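Both of the next two complexes hold subunit A, though its partner changes from subunit B to subunit C.
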Partner chain A sequence: MLPIDQNTILNFLFYSFFYLLFAVPLTLSYRTTKVINFAHANFITYGAYVAVFLNGLLGNKSLLLASLLAFLVSGTLAIVSYFFVFKPLEKRGASMSLIMISSMGLWIMYNYLLYMLADIAHFFSGVNFVSYGRILYTDVPEITIGSLRLSSGFIAVCATAVGMSLFFYIFLNKTSLGKAMRAVADNPVLAEISGIQRDKVITFTWLITGGVVGVGGAIWTSFSGTVTPTTGDAMILQVFTIAFIGGLVSLLRTGIGAFVIALIENVGISLLNAWFGVPTSFRTFLTFVALLVILIAFPPLGAAGGLPFRYRKKRGGAK
Partner chain B sequence: MTQQTGKSMFSVQFIAAVLVALIAGVAIGFAASGLFAPPQQQPQQPAGGQPSVSKKVIQIGFTLPLTGELSSIGKIWEKVAQMAIEDLNKEVQAYGFNVEFKAVILDDGTSVEKAVSNVQTLAQQGIKVIIGPAASSQVKAVKSFADSNQIVIISPSSTAPTLAIPNDFIFRTVGSDAGQAKVLAALAFQEGARKVIVFHRNDEYGNAFADFFAKEFAQLGGKAVDMPYQAGLSDYAAEVNSLASKVQSEKADAVVLIAFDTDGGNILSHAAESNVLSSVRWFLSEGPHGAAELKTPAVGAFAAKVKLLGTRPLFVANPLYEQFKQNLKQRFGVDATVFCDNLYDAVMLAGWAILRAGSNDGNAIRNALVEVAKHYYGVSGWTIFDSAGDKANQDYGVWAIVKTGAGYDFKDVGVFERGQIVFTEEPYP
Partner chain C sequence: MIDVVGFLISWLTFLGIYGILAISLNFESGTSGVTNFGKAFFYGLGAYIGASLTVYLFLLLNNIDVSKVSPFDVEGIVYLGQFATKNPLLNIGLFILSLLLAFIVAGIVGYLLSYPIIRVGPAFVGFTLLSTGELFRIFVLHYKPLGESKGIMSIPHPFAWIPNPTVRTALYLAVVLGFLALTYFVFNRIYNSPLGRTLRAVRDDEVAALCLGKHVPKLKATVLFIGSGFAGIAGVLMAFYLGSISPTYDMIGPPITFNVWAMIILGGMGNLTGSILGAIIFTFLDRLLIFVTPNLGITVFSPDYIRGFLVGFLIVAVLLFRPQGILKEGKIETLAWKVYEEEVKGEKSG
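Coming up: the complex of A and B.
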């Protein structure tokens, strides 16, 4: 008998959709901007906290409203990071690793900023924001099919993840801005020579990267049992793992990676547990074993050395 | 061209920004040195009641979980620490000591690494007594540094029995879980549980507690099935799901959850959605007590359904504790949660031990601490240490989550007496 029940499958899908929402924008932002951005974790957490603050301070019960605001806040956060940190550093010829380290600095700074905001909000409202329970939204329906109950969080994340995938597909293939984005990702110099305003494209990339991830964060509050200012941090390694499966280049492979990692983390561990008695606390361990196996077995997918030639060259080249 | 002008514009702005930051920094530095520098001038002066113009300032270090997995109650502890220092100052000054204690509070993020670096930072500032860290895994990590540098560590909340080691610099103002495991086992057994899944954190605290629980529960005639989970995850949906299948396959009649705040709250809120887990009893350790996540309607309703009960170290029927609870609510607007009383007494003991030692020597303070604790009765009761430096006499209470006028809240509903749980009131009608 397979030890897989309905809930395991549901959890697998839940995580797949969340990983899609978090990892695909990471790949998109890396291939367009060439910044390995650790502050990506903050986009998740800030998105979630927009929803938390709206609920805790104003009693908001609309996930749509929370998501829209989360898009704006996380998107703005991404643009702010770009304008005040990544762009100035890049202009002064900072290396990629330096920019990456600066993003780690930003990550920690944004974290503590959020703790401060939570403290201030706590001071005025008396509500504990450092660790916030699940939020029940009223504007997303619950669907019951037979004995299968799909929670409103599931409906929301499913619809959003599918919507995002469609949006990216149409946007990148059919619109001129999307094509420009791909051109910048492919060859920034050539793109600039052919009249694409690189700066504009990159700013826009940051907006949708932060925004989409922020929406994912907002929806996370309808699924997760507790939201803390470190919610995104605990997930960022998985999200990077998935993006690495896509080689930080291919959106499609990143999407597949999201399902693979979610499958290993949910179905894989319960099979191992049932058949071999592997403790379920090995779940995270398994994720990274999977990462290493994938990197070693299929090098072209991940790892800097395995990237297509054009990505191996030093960023920009124009001085 | 455009890039060139952009570049020079930027550098002008950058220099301006640096200048502004520098001026602001210098100003803040001056203000801060004005505030903090004078007290630090005579740290070596012996303690005592000699009248002098300025008060002698003594620093007590704190490493508290203001962020991370214990942050929900860590935030409350910060207030307790503040209150304890204020009260301590009033008390020692009333006795005629011309000293002032100052708290140096650092955040350790409930992480082992940060706790170690905090203790080292505090030690470098010449601080010899440090309150915290909170978690047993953290205490274990700072132990060797504390022992070799003679830094007195007083943890108000580390309960792992594995850390009950005599003659070290680690003191704990709370009884070890060897005691609590017995109480939790008695509670589960008395409530009718015979086969339980012990779902616990895979760390020092969780593993040791689970071991002791299994032993005690077996002695009573029950059977405990061990099931650790990895802590520090963003969510525990998958773990809770595995727990549900385990409960089904083992045909267990209860779950014993040994958790901290955020993980505990998370697990309970996912468990509330599972039919299997809603149909067995739940018994909790002291870790999640006081966490705000447990007061949400979903968890509250779940608690009522599964008649959730927990144990926690509590010196029952102590008028000082009642007064302490009132004070804390009045002055800081927060409810006293688990270990608040132990933390408060840890600060008091630290202060008096430093005065009694009369010097800034770690060894002298350690010896003084043992003596002071013998004669101190505080909000957590009689503080005397056993040979391992843990609270010798620890009582335990039983808590539940009950519905009140303003939603759900924690309530102490029983005590442990002579091997039995005595309920002082009916938690779930």
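Coming up: the complex of A and C.
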């Protein structure tokens, strides 16, 4: 008898959908803009904190409103990062490592900025924002099927993740802007010669990236026990590992990776716990082992500026 | 009234430790192109190896059964405090043993970690090392023999047998500065050697270096071995200086890495003297802020946040407006260059 209960399965699905929301935009932003963005963690956290501030300061109970504002705030953050940091660096011809280091600088900056904002809000309202409890929203219904009770957070994240996947599929395959985005991802110079406004496409990519991730962060507040300014940082290992499974190019493989990592993290650790007595606090180690296995066994060759030191028979693959 | 001597000693000790980290990171990242975001990992690894080894061996060599008296209990800490002043030779011997072991273990871990990451791009290198550091922290936080969240307290100071605290810290400062000089000497020699020039070639164009027959993964693994070993030494020095170590975010977490990165970017990537300069400026401001901030009276939010914000802002601003840092990357000083310059000067004057 497998020691897996209903809760583990539900958690697995929960995490799968969240990872889908966080990792797919990361892959999309990397392959279009060629920026390894460590500030991706901030998009999650800022999305979550938009919801937290709305709830704590204004008493907002609507997840829809919180998500819309989180989309705007995180999207703006992404566009601001692009216009003031990544774009000037790219124009100067800075190497990929330098842009990555600058994104790390942004990550630190945004993180402490949020701490300051939380403290200022605490000073004026007296509510503790540095560790904020779960928020109960009223505008998403709970569904009960038989003995299975699906919380409103589950409904929201499930609907959003499925909606995002459908949106990306239709957007990238059917609309001209989506096709332009794929063209820029494949060959920026050729795309520009063909009359695609590269700058516009990239700005739009940042908006979507930041926005979708921010919405994920806002929904996270209805699931996670506590929200802290390090919410996004705690998830960065999983999100990047999933993006690496996709080789930072393939959205489909990234999506599959989200389910794989969620499975390893939730079902895997409960099996190990039952059989070998591994403490559940070591769940992150499984993700790390998965990361090392990916890097050794299926290295994303040539992606992210790497050299194809080891050649494979079939090169290229799904894009 | 600010204690000037105390301030100088604490500043220079921090400068020495951060200087070692900055020079080794600059060698890894500025000269060889290995974007190491896991400096805090090797530093923390060194600190924990040194601290745990010293604490356990100290009790064992004083005939105390470690299985009964844990060095993390009050009893063990009291024993450690009692024995610390008795035997100077034991203190110093354990200190040297910790340094050696930390160098070797951190170096080997760095070498092994290079296997999965060197063949892929800089993003994977940086990210994997960063997450290794966080995982190490989580591991220590939940691992009982290393003291869990309490950390290791009451590490016997190598000069604990000297009664005067000022002399004790000054002597320790001399040791730290000695190690800083050694680090600078070693890295300066490697930097100007044929190996250093090869590494600069690898950093500038990996494909070209590969085509010219340089074994790029092996070279990078060597760099990680040396750099990580020195980071381990810095960790041991910090653990013995503070006398206690705990797996908090600020002590062995990412902020250490970020500080060191800010130093080398400010000082100039690829210039070893620049990274010392960066460390001087940075640690001076840091210590000054620690002495000054309690008097500022900011109550709305913690002044620590401003400091953290400024670190990030500094990295971004320097990269945007002065990417080469304060000191530019200089040319290599080889023997041939010196001879050539002397001859050219001699011809001009003669």
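To be clear about the criterion, the second predicted complex is superposed on the first by the 299 of 319 C-alpha atoms of A that agree within 3 Å, B and C clash if a C-alpha of one lies under 4 Å from a C-alpha of the other, contacts with A are read in each partner's own complex, and residues count from 1 in each chain.
The rule we apply is simple: a contact is a pair of C-beta atoms (placed from the backbone, for glycine too) under 8 Å apart; a residue touches a chain by one contact, two chains touch by 3 or more.
Remember, predicted model here, so these are calculated numbers, not experimental data.
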{"item": "Partners on subunit A (subunit B, subunit C) - clash or fit", "value": "clash"}
{"item": "Touched partner set for A:K200, first subunit B, second subunit C, both or neither", "value": "neither"}
{"item": "Touched partner set for A:P279, first subunit B, second subunit C, both or neither", "value": "both"}
{"item": "Touching partner for A:R134 - first (subunit B), second (subunit C), both, neither", "value": "first"}
{"item": "Touched partner set for A:V85, first subunit B, second subunit C, both or neither", "value": "second"}
{"item": "Touched partner set for A:S270, first subunit B, second subunit C, both or neither", "value": "first"}
{"item": "Touching partner for A:M104 - first (subunit B), second (subunit C), both, neither", "value": "second"}
{"item": "Contacts of A:F223 with subunit B and subunit C, given as first, second, both or neither", "value": "first"}
{"item": "First (subunit B), second (subunit C), both or neither touched by A:Y115", "value": "both"}
{"item": "Subunit B versus subunit C as contact partner of A:T8, first or second or both or neither", "value": "first"}
{"item": "Where subunit C runs into subunit B (options 55-63, 91-99, 127-135 or 145-153)", "value": "145-153"}
{"item": "Intersection of subunit A interface sets (partners subunit B, subunit C)", "value": "88, 92, 111, 115, 119, 279, 281-282, 284"}
{"item": "Interface residues, subunit A side, partner subunit C - complex", "value": "36, 85, 88-89, 92, 94, 96-98, 100-102, 104-113, 115-116, 119-120, 123, 236-237, 240, 244, 248, 279, 281-282, 284-285, 288, 291-292, 295-296, 299-301, 303-307, 309-310"}
{"item": "Interface residues, subunit C side, partner subunit A - complex", "value": "29, 33, 35, 37, 115-117, 119-124, 126-128, 131-132, 134-135, 138-139, 142, 206-207, 210, 216-217, 258, 261, 265, 299-302, 305-306, 308-309, 311-316, 319-320, 323"}
{"item": "Contact footprint of subunit B on subunit A as seen in their complex", "value": "3, 5, 7-8, 11, 14-15, 88, 91-92, 111, 115, 119, 122, 126-128, 130-134, 136, 151, 223-226, 228-235, 265-266, 269-270, 273-274, 279-284"}
{"item": "Sites on subunit B touched by subunit A in the complex", "value": "3, 6-7, 10, 14, 66-68, 71-72, 75, 202, 227-230, 232-239, 241-242, 244-245, 261-263, 265-270, 273-274, 291-293, 296, 298-299, 333"}
